[in-house]
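Let me give you the structure first, and then I'll get to my questions.
Should a chain be cited, it is by its letter among A, B, C, D, E and F, assigned in written order, with residues numbered from 1 in that chain.
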Amino acid sequence: MNTDSLGYIFLSSFLINNFVLAYFLGICPFLGVSGKLATATRMGGAVTFVMFVASVSAYGIHSLLVSVDALFLQLICYIVIIASTVQFVEMFIKKMSPALFKALGIFLPLITTNCAILGVALFQTNREYSFLQSIIYSFGAGAGFTLALVIMAGLREELDLASVPNIIKGAALTLMIAGIMSVSFMGFAGLGG
Amino acid sequence: MSTEHVKGPSTFVMVRALAGVATLSGLLIVLVYQLTFPIIKINKAEFLKASIFKVLDGTKDFQKFVNKDGKLEKIPNEQETPDAYFACYDDSGKLIGFAIQAAGMGFADVIKVLYGYSIEKEAIVGHLVLETKETPGLGDKIEKDPQFLKNFDELDVKVTDDKKSLVNLIQTVKKGEKTEKWQIDTITGATITSKAIGRILHESTKEKIPVIQQNLQNLMPPRAN
Amino acid sequence: MDSKFLKIDISSSPHVKRPVDVKKIMRNVVFALLPVSAFAVYAFGISALTLIVTTTFFSVVTEYVIDLIEKKESTVGDYSAVITGLLLGLTLPPGFPIWMAALGGIVSIALGKYLFGGLGFNVYNPALVGRGFLQAAFPVSISTWHPSFQADRFTSFFSSNLAFPFAKPTVDSVSGATPLAAFKFEQKSTEVANLIFGQTDGSLGETGGLLILLCGMYLAVRKMLDWRIPAGIFAAVILLSVIFNLINPEKYPSAMFMLFSGGLMIGAVFMATDMVTSPVTSLGTWLYAIMIGILIYVIRVWGGLPEGVMFAILLGNSLAPIFNILTKPRVYGTKKAGAK
Amino acid sequence: MANSFKHGIHPPEKKEISADKSIKRFPFAPYLVIHLAQHIGKPAKAIVKEGQEVQRGQKIAEADGFVSVPMHSPATGVIKKIAPMLDFDGKMSPSIIIEPHPGSDQNVLVGREVEPDSLTPEEIVKAVQEMGMVGLGGAAFPSHVKFSPPKDKPVQTLIINGAECEPYLTSDYRVMLEQAKRILRGIKIVMKALGAKETIIGIEDNKKDAAQVLKDAISVDDSAVKYVKVEVLKTKYPQGAEKMLTKALVNKEIPSGGLPADIGVMVSNIATVSEIGELLPKGQGLIERVVTISGKGVDNPGNYLIPMGTPLEFVLKHAGVNEKARHVIFGGPMMGKSAAYLEMPITKGASGILVMTEEEHAPKKQKVYPCIRCGECVNACPLFLNPSRLGILARNDEFDKMAEDYNLNDCFECGSCTYVCPSNIPLVQYFRVAKKVLREGRQRKQQSIAG
Amino acid sequence: MSAKTFDSFIKPLWKENPVFVQLLGMCPVLAVSNSVYNSLAMGLATLFVLMMSAALVSLLRKVIPKQVRIAAYILIIATFVTMAEYLIQAISLEVYKNLGAFIALIVVNCMILGTAEAFSSKNTLGKALIQAFGVGVGFIFAIFCMGAVREILGNGTFAEIPVFSENYEPWVIMILPGGGFFALGLLLLVFNSIQQKLKKKEN
Amino acid sequence: MDAGSILTAAGVMAGIGILLSLILAIANKKLHVYEDPRIDTVDELLPQANCGACGVPGCRAFAELVVKGEIAPGKCTVADPKEIDKIAEFLGVDAGGSDKKIAYLACAGGSNVARQRATYDGVKTCQAANLVAGGGKGCSWGCLGLADCERVCDFDAISMDENSLPVVDAVKCTACGDCVEICPKGLFSIQPMSHKLWVACKNLQANEEAEDECEVACTGCGRCAMDASPGLIDMVNNLAVINFEHNHKANENIIQRCPTGAIVWFNKDNTESIKGKNAKKIIRKSSIPMG
């Protein structure tokens, strides 16, 4: 498969180069919000959504900066634009659909400053993805993040009831599981190649 | 108690503060950018130069070209393009070959390489991995394994007489089965990555070497700048 | 009112019990693994014997030591560590350095089992955690294959077996290729009969598919193994193989080849069936098995690596809790699944 | 294929010990203990005094409200005492203690004979209550309450439970073999009370001869032929549970937390209808019942007609208890309750007394392993619960979660899960504790059940 | 230095280590710790941003109203991150390549925002700097441990100096993502058990 | 230096800054929910045991009520009196403290004096054992000795003695009542420490019947009731029941004639219970053999 094809971009960001398990992005929420399956699913949805928003805004701001020849402002613009767009979207959703806000809203501020989101924006720029490619990339990354989060939540709900030794409980255990997950995701290496 | 005391400052104060900080930020960044830009530029150029020297022995200087409808056109060395041909000259200013970038899927992700093409030998005489996510210890053998590097002592990419295509396309074979000059021996333990290199070179040379050969006449004269 | 003529015991119902317990099941699995191990020794000689003994020994000792440290009653007696050790040994290539095998045994139990609280709580198959660790740590050693049935196999080791602890193994010149690698990298197919009867290269326990199948059937008949899991995996792999083989027999191998090559047989029969790490509902079990089957096929055919059984099972383990939740059966007398 | 339900288990039947022993009458014990609360509902009220002489069959306590039944004296004798006595749960329960007259001929007090056909449904219900009739299938729920379903939930189908799925027990089997006529008479009475249109008798296929006896009896009874049928069920535990039986016979599920009447059925034990068929026309009360005494701990196992109130001690001695006996169990081995005190009497709910030896009983102090998630219990639970998860939750004291997310309260404690569990986890016991704690609404804090 | 200020410097080193205890800034700790040099470079870059932004935040603390403080801090942090990015490129392109996008991602390292918010914005320049320095060193300590463990096991070298004999077989997994998780998990475990022992002693 | 790019930078950034601050300004219009800051202070002073003994779900909720003045700080049974005083002082209210209460156990039937009728096999908790024929103890009211109370006590106030009978540590006990709730035999009750007279038995059997099952059972002989001032002790169902409303009339003489020592007198700090002179001496150390 062509490495620039939309299919590959999705597959790569979803499984092969999973944001959490291969790129170590978004570890904070991965450790923090993976305790309950229900929360994890919603968090995943929210992150995916924000990634999409970030991807679109980053694409726009990048084009703008190229046109005024001020690429050195890229990072600061990304972070600021992403943060404020998300905040705006949050308010917007709150107005338009309280139900949706209830499901996603509480996570939004939490996500704004999360490396996975900024990562999507930066990587898509580095790789010079087109608009469409960028969007697919953000969805793949979001789906991958959600997958990792949901799996972890499933496992952790199970382990909540296990007699895990005390010193391992918590972050250490989650990290070890992530390690095993990461090894098992290595099985996807080379897919589509 | 009432909610009175939490009343915030006026919008103007906030706008002033943020706009102030933002402007300050912008200025700081520009300052550093302006200061570091020349150094970075030199660094990058040095880096590129070093890379090119590595893949084509004897290079002293180089010039960037792009393919415009089958014609190679000169562009400034600083200009970034993904698809450049670096013409390489020795100390006498003689065109000795080209350095070319190529990329393709490896074991884990895309591998980017730079390879050197010698006009004299009509062969690939060196390669350098620019970007790889292959497994350390395995995939990185393509940079370190002496036996694998030997493949690039002289990897034949002769063109046919009409200069439209290669006589023999590059091939990968199982380790120890290399019999022809256009074949690449794979690495045991990293078959996938080494095959990927073969494939990347195969694709790239198939397209680019004939173009070079067709344009060789126009480029041969000692360079002009 | 004198009623004290009887010594009475009291207990909660039920007062009868199926005469099967964990220890008995585990012991039977060990029995079922013995012929497979014996065949491995027959095919690969003392290297195989030493490797299997090493992994088993280190698994059991690790379990024992951790129990000591945790001041728990020793759980060595339930045989589960023996199974882990045996299976880990059976998944290693014949020339694998012994020190690495020992490390694998330790990792299997310590990281794969005790980290999670011991028997019954581990969410990943311990033997495969061990192997996964080894594969990621020593990818070269674990994909260096030696041919089976060498003449001197009962008298000498492969030189790489004997690497000094923590040192690089010497590279043997006689390394071979597994049927799957041969197919993937050299487009060479292997005779299916050879696969079935173990006349190929590969990990210790993965050659001789028929024997594994028979041992698995023994367990399935004794109801100590969930037949749905191997059945689901086989079904998925066969279906995909048949479809794609019809489309392009050059590129996509036959179903028989897929079934009997690589670790599929031992994985499907002995490893995916580890009850601790597979779903508990029967529908969940089917989904789990079919997903593993599909992943094996996808990784083998389209992925970078020639073999994907280990990854597929580990991924299946990851999803087992979610399958359990998704396939919660509808409780008698309720409307929706799990409704109150 | 025989009718059945999904899941369930197959414990060894062990019915051969007592299956061919016909019903024999038991002698009177030196004293009889009649608990006033041996049925579900409000205890009866004593209407006799200490020292009073009573005749066999005479009412000695009356129902206290609708969900309550009267008690009748099982023997002619004298009321020794009215005092609390030990019951199953080790609690003290108000009781009447009767000392039978050794010299008495023990004739049953003649009741007022009635012609069932002439009674209205309401009168039948009243008469059933007067008999002191409760379900003999084990739950001891007052029968007349079951015979008066809510008006908006009419019962079309009467299901007679002849499954007797518990191992060892054979009392219902003997009743079917020996009391076919009584059963048909009882069915007619109950159907009339309910206004039911048909009756299905469900019998497991290990008792085909009993099914045949009933079929033969039906075929010679002109009226029964039209609306009573016998269905053979697969032998599987717990086929005899109300919920399983309705699933197997009419393919309907009793809603969670609902009543059989919700789906237009009523389930009654075969011995219950037999007793009604016999006693109601005679106007007599329930003073004895058929009890299977079985297990290797007794030398004379069999099916006995035992007067209510006979103390266990006496029952055991009479059945030839031997020194290997260790466990004395009221009911079958799957759901029966251990007895700790041999002063305890036979009650209306006792369908069997098992006297098990140590070898026969589930091993003592079994090593409990952690749940290995083998799924055996999940595939055994007839109600499609997840005992594995419930057990793990119980160990973590997550009682609320058990009830809210995993339907704890649907569990009818059949014990199938515990029977199959290879890790020897005492699942049902956990569930009982959890249910009790929840019932009592205790807001307990962390306390590990495992100890 | 008053005892309290000293405390604020010492605490983040161990007792309130931003990584091991507060679990902040995990991403870079995992991602750029496959060698000692990389982790040191990352650590230093983070320290730079941490101190600079602490300084600026502290200086501007009277000017920035509470309501816009987060936005302002992000702006300030992003500024210094961008500066760091260019400075590193100017110093060594190689280092820049190895650290990859993670320099830019320092912006979103919650540790920095946390420090700015919790301490710098409430303290004078000097105190803020000392505190930030403590946090930064705590971070460097953590990422350095990771780098050391991963490089020694995964490559057989420490800061590119071989620590074992020539013949050492590296554990490749330690350099791979999986190994990153394992190493951090393991370090947390060790940290926790030391911590527990210390506590026991205290009691 | 390139003036153009400096201008661009400043321009772009200023623009962004203004945009951002406007957004925030709008957001800021939504006001925060006001919470009394004193709640935090009080909350911090509470022990955070969240035991619920005060009758309020959790310490935070308790703090809210305290601040509102709806409950006295002293109602927290767990907190150190010093902390309570601090809270009271901080809020300027009366501490409302009271006589310290602890858990009293109404059973003395350890395995050395009480007979076991049947051997229980199963889940080793009192709750579970109680559901199996009451646990098999001869005295069906007595302590099962499987230590549910010990496990449930968050304050380590209960320990099981060598005869499997729980012993309450009066110092550690906070009267949270968890043991009262958990005991399936209902043997615990929370009593002020000023109650020195105590019947350590719940057996309703009489005379030998009771003594047969447990050597220290209350046999219902009624001697204590006779010796006490009227109204202090009632005999109910063969058991002496103390009427604590008449506590002031209690004295150590009441227990002296008790034949089994079922009625006891606690010493000053409730560390020891004293039996009457006539109580039979218990010398057995090991459990009573079965059968």
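We adopt the following convention: contacts are C-beta pairs under 8 Å (C-beta built on N, C-alpha and C of every residue); 3 or more make two chains touch, one makes a residue touch a chain.
As the structure is a prediction and not an experimental result, all values here were calculated from the model.
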Shared chain contacts [chain B and chain C, defined touch]: A, E, F
To reach chain E from chain A by way of touching chains, what is the minimum number of steps? 1
Distance from the CA centroid of chain B to that of chain D, rounded to the nearest Å? 85
Distance from the CA centroid of chain C to that of chain E, rounded to the nearest Å? 41
Per the C-alpha means, the centres of chain A and chain B lie apart by a whole-Å value of 30
Here the gap between chain D and chain E, centre to centre from mean Cα coordinates and rounded to Å, is 70
Among all residues of chain C, those touching at least two other chains are 7-12, 111, 117-118, 120-121, 133, 136, 139, 304-305
Two or more other chains touching the same residue: where does that happen in chain E? 67-68, 71, 75, 78-79, 82, 86, 172-173, 176, 178-179, 182
Which residues does chain A have that touch at least 2 chains other than itself? 72-73, 76, 80, 83-84, 163, 168, 173, 176, 180, 183, 186, 189-190, 192-193
Which of the chains touch, listed as pairs? A-B, A-C, A-D, A-E, A-F, B-C, B-E, B-F, C-D, C-E, C-F, D-F, E-F
Spell out the part of chain E that touches chain F in their complex, as residue ranges. 67-68, 71, 75
Complex contact set, residues of chain F against chain B: 1-2, 5-6, 9-14, 16-18, 20-22, 24-25, 28, 31-32, 34, 36
Interface with chain B, chain E side, in the complex: residues 34, 60, 63-68, 71-72, 75-76, 78-80, 82-83, 86-87, 89-90, 92-93, 154-155, 170, 172, 175-176
Given the complex with chain B, which residues does chain A contribute to the contact? 1, 3, 12, 16-17, 72-73, 76, 80, 128, 189-190, 192-193
The residues of chain C that touch chain E in their complex are 97, 100, 111, 133, 136-139, 141, 163-164, 166-169
